[in-house]
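Given below, in the form of structure tokens, are the structures.
Next, two complexes with chain A in common: one pairs it with chain B, the other with chain C.
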Partner chain A sequence: MAEAEESRAGGVFAGLSDVSISEDIPVEGEITVPVGSHSPDEDYSTLDEPVKDTIMRDLKAVGKKFVHVMYPKKSSALLRDWDLWGPLVLCVSLALMLQGGSADSKEDGGPQFAEVFVIIWFGAVVITLNSKLLGGTISFFQSLCVLGYCVLPLTVAMLVCRLVLLASSGTVSFIVRLVVVMAMFGWSTLASTAFLADSQPPNRKALVVYPIFLFYFIISWMILTFTPQ
Partner chain B sequence: MAGAEWGGFEDNLQGGGSAVIDMENMDDTSGSSFEDMGEMHQRMKEEEEEDVDAEAAAVDEEDGEFLGMKGFKGQLGRQVADQMWQAGKRQASKAFSLYANIDILRPYFDVEPIQVRNRLLESMIPMKMINFPQKIAGELYGPLMLVFTLVAILLHGMKTSDTIIREGTLMGTAIGTCFGYWLGVSSFIYFLAYLCNAQITMVQMLSLLGYGLFGHCITLFVTYNIHFHSLFYIFWLVIGGLSTLRMVAVLVSRTVGHTQRLILCGTLAALHMLFLLYLHFAYHKVVEGILDTLEGPNVPPFQRVARDIPVVASAVLNTTAKAIALTL
Partner chain C sequence: MATVDDLKFQEFDDAANLLAGNPDATTISIDEPSENPKNQYGLLQDSRREEDDELLGTDDSDKTELLAGQKKSAPFWTFEYYQTFFDVDTYQVLDRIKGSVFPIPGKNFVRLYIRSNPDLYGPFWICATLVFAIAISGNLSNFFIHLGKPAYRYVPEFRKVSIAATAIYAYAWLVPLALWGFLMWRNSKVMNIVSYSFLEIVCVYGYSLFIYIPTAILWIIPQKAVRWILVMVSLCLSGSVLVMTFWPAVRDDNRRIALATMVTVVLLHALLAIGCLAYFFDAPDLHVLIPTAAAPNGTIVATKTQ
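Moving on, here comes the complex of A and B:
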């Protein structure tokens, strides 16, 4: 756009102004170089950059997606460049926090790390398959990405629950935990629905939302019933 | 609708040795690049044959050993390339048929929310018309969601209390129980239906039994929140009975002969009602058993530790002595 204004204002291209375009018809549009032609060069040149740059770029992308989840607007950033780093980090931290119990007690204080991991990923795969079978236009990994990132509110709820349990473990703490978990559960479901429901035919949104609801319900149940040893 | 029509599609996918022919006969255009490769392959084969003929003809005239080596190398190179191409094609067709397996399931998920809601409500209403085969919708979305809902309800029933809940072991048993019931009993009843000459396909049986779990979901959801045994029995009879009657009526309408009808419907009714009983009572007991063994210090009233024999023996002796003294 800036270039168009410059060329109209004067300089080298002033002579062309009287060819066809009159002054009162606004010329609109973007004169930008398409991004696609840059990417092979970029990929090639990222081999030489310091590791810190690569890691910071990935971390920034993950952080930006976290922000998108916490304030779910209808943006397509989460879908456009999906990555599975964020879901992996969230899943691992949630599973570690749900581990509870000390290793030397003869029973475990909660679900094993592997169980939480498997449940989250298996549940996400089932929901993705379901949405694809219902005629969704979103790809497999995009859907996994969205579902994984929307576990973020529940991870925050888990942190809060652990802190509350450190303080006390009576009825009051249970009520506080219940309210927090339910609020975060609603947030997760709304966030993932905002991203995923658009890719479905309009009259089948309810069919896709329901398994997401169940999935986050089971994760919330695991968080709520967690008591450390 | 579902079963027979898709059988033909499946036949096309059973790629045997002649992968080239299968790919070219497929309707999907995603195989188009493979068609090009197939033509290249044909051309390569023809060239190879020509080369072999030319070399065989030339061998007699010129220095056989030198040309034989060259020909052999050329042929070896071609063979290696050929094998790599075949292996790659096999991999690709395997991957394609794996992806196509999802597409095979696609028509079973082609439902609208209104249809799902109607089928849920209809699963509680037995139809009296048993002289004409009743229609069963062959969809899998509703039953699958109902099984998952049942899993969620079972987990939710283990409420938080003062005892520490080990939900790790409960999760696996809940999923295993619900899916095992749905798939196992469906297969078993399908097998019985095959023996009794009933007209029902596997998908229809899965769908029928899946929707029959709706009654179970309602009953368990209510009775896990309101703990009255008499309420549970009423729900068991009424709601469980209604959904069982619906399934039985559908099966009766599709079976001929009194004995066959009796066998099939008796088995299904028994299994369905007993499963609800099991979920309410024995599942609780299984869970309580797990909880009891895991709670060390809180000794429940029913002791699961070995009692001291002398204490028991002396108690028994005392009571028998008292009884004998009373009678004398």
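Moving on, here comes the complex of A and C:
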């Protein structure tokens, strides 16, 4: 009686009322929602890769940026994936190479390691703050990254100067050093200006470029006046 | 209950007609606010104000000050507050530098160039450039003076950079602070028409140091007469800019205090120049003593007089 009433009331579903799944047939299969991207899997997999791969990936990124500095084209790769490994390596090597130029008295020698370090990092921070205060659109660490990487030509100049000074220290070597340092100073300034000047409003470009010029000039002066013991 | 006619929109008549219809009604009139203060000053002050306007370079200085007051409204812990101090374009900075080097008689540097938009870009970077210009020029000048001597070894003298930086930044910030405090104190005693904010004074001092940059570079020339002529010329130029800026601020005061203030300003400016010349640049006539002495004595003489 109850079944007849039910079948009359639910006319649409009448045919289904006698369909049933018996309980001894196991229900199998997967109920999964397909995920669009595979990125969570890829991120987790860097934990399993060998250490060599991790280091090589970072080294390759740093090396790619060195190439960008030596041939400054207007690419945004340097700005987008900033890192501070390259500037740290450059700064430490430059500061180490500027050692060993001590004089007879401790007071009037060349810059100490800490002084070079502070000048480079503090100078880069001040220039970045200056460009941001003038209304620049570049971020803090991107600007630090660019300024640090563009010290590369000057580090090369320092290396060349030390090699030249090993050979001789007369007037000829001074002229060679002067030419090399001036060329590398120009290269550094042009490279960093190529990356940084676009992010400034056009009527303030010179106000931003001048501190960069002063910064690299001071580093060039420290390189040029290096006299070994 | 209001009728439909009462709720309809009505045009109001002219005030005069309404008042004629209802003479006892209260009326409110609103005047222009700027007219009243001018009427309060007597005739005696009018000529002084005209002179001030000429010196101020513009007749609507009241308006610009009002606008400037509305500009810096961000709280001091946000970045935007400090951005208002760097709101200058390249041509403005170049104009201000030009105005500090070539003083125009009768024109006030602050009103003509700064116009209530003091910036910190100029003072900071001019001081930084001056620090390194003095250190590098001093080093180069000593190198050239002692060039031919056998006992001399070149040293970069990097320590002097920090000493120069301390001296110049202290001058560029502490002297304006003292001057501003002094002017505020005198303002409370004597009513001065012209008064400057602290940042405007820092701006004037910073830009007035610009003339010392080419002077420091020219100090490499190892002639005493040339160096002293350069000191005099640069002191006259930038000292006159400072004097013309601050004279209207102390003119209303006691005669002797005004003169003493001006003399102190110029004296401190001169002291900075002469101090830098004496400390960073060796005297060029040292080489006269050396060739007459033997080599060991020569080294002793060289280190002693440095």
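Keep this in mind: the second predicted complex is superposed on the first by the 178 of 229 C-alpha atoms of A that agree within 3 Å, B and C clash if a C-alpha of one lies under 4 Å from a C-alpha of the other, contacts with A are read in each partner's own complex, and residues count from 1 in each chain.
Rule of thumb we're sticking to: a contact is a pair of C-beta atoms (placed from the backbone, for glycine too) under 8 Å apart; a residue touches a chain by one contact, two chains touch by 3 or more.
The structure presented is a predicted model; accordingly, all values stated were derived computationally and were not measured.
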First, second, both or neither for A:V181, with chain B first and chain C second: neither
Which of chain B and chain C A:L207 touches, first, second, both or neither: both
First (chain B), second (chain C), both or neither touched by A:L152: neither
Partner chain(s) touched by A:L144 [first = chain B, second = chain C, both, neither]: neither
Which superposed partner A:I127 touches (first chain B, second chain C, both, neither): neither
First (chain B), second (chain C), both or neither touched by A:V69: neither
Residues on chain A lying within both footprints (that of chain B and that of chain C): 107-111, 115, 130, 132-135, 203-204, 206-207, 210-211, 214, 217-218, 221-222, 225, 227
Chain A-touching residues of chain C, taken from the complex the two chains share: 79, 82-83, 85-86, 88-91, 93, 121, 125, 128-129, 132, 136, 139, 153-159
Interfacial residue positions of chain A with respect to chain C in the complex: 101, 103-105, 107-111, 115, 130, 132-135, 203-207, 210-211, 214, 217-218, 221-222, 225-227
Complex interface listing, chain B residues touching chain A: 102, 105-106, 108-113, 116, 141, 144-145, 148-149, 151-152, 155-156, 158, 160, 164-168, 171-172, 294
Chain B-touching residues of chain A, taken from the complex the two chains share: 107-112, 115, 119, 129-130, 132-135, 174, 203-204, 206-207, 210-211, 214, 217-218, 221-222, 224-225, 227, 229
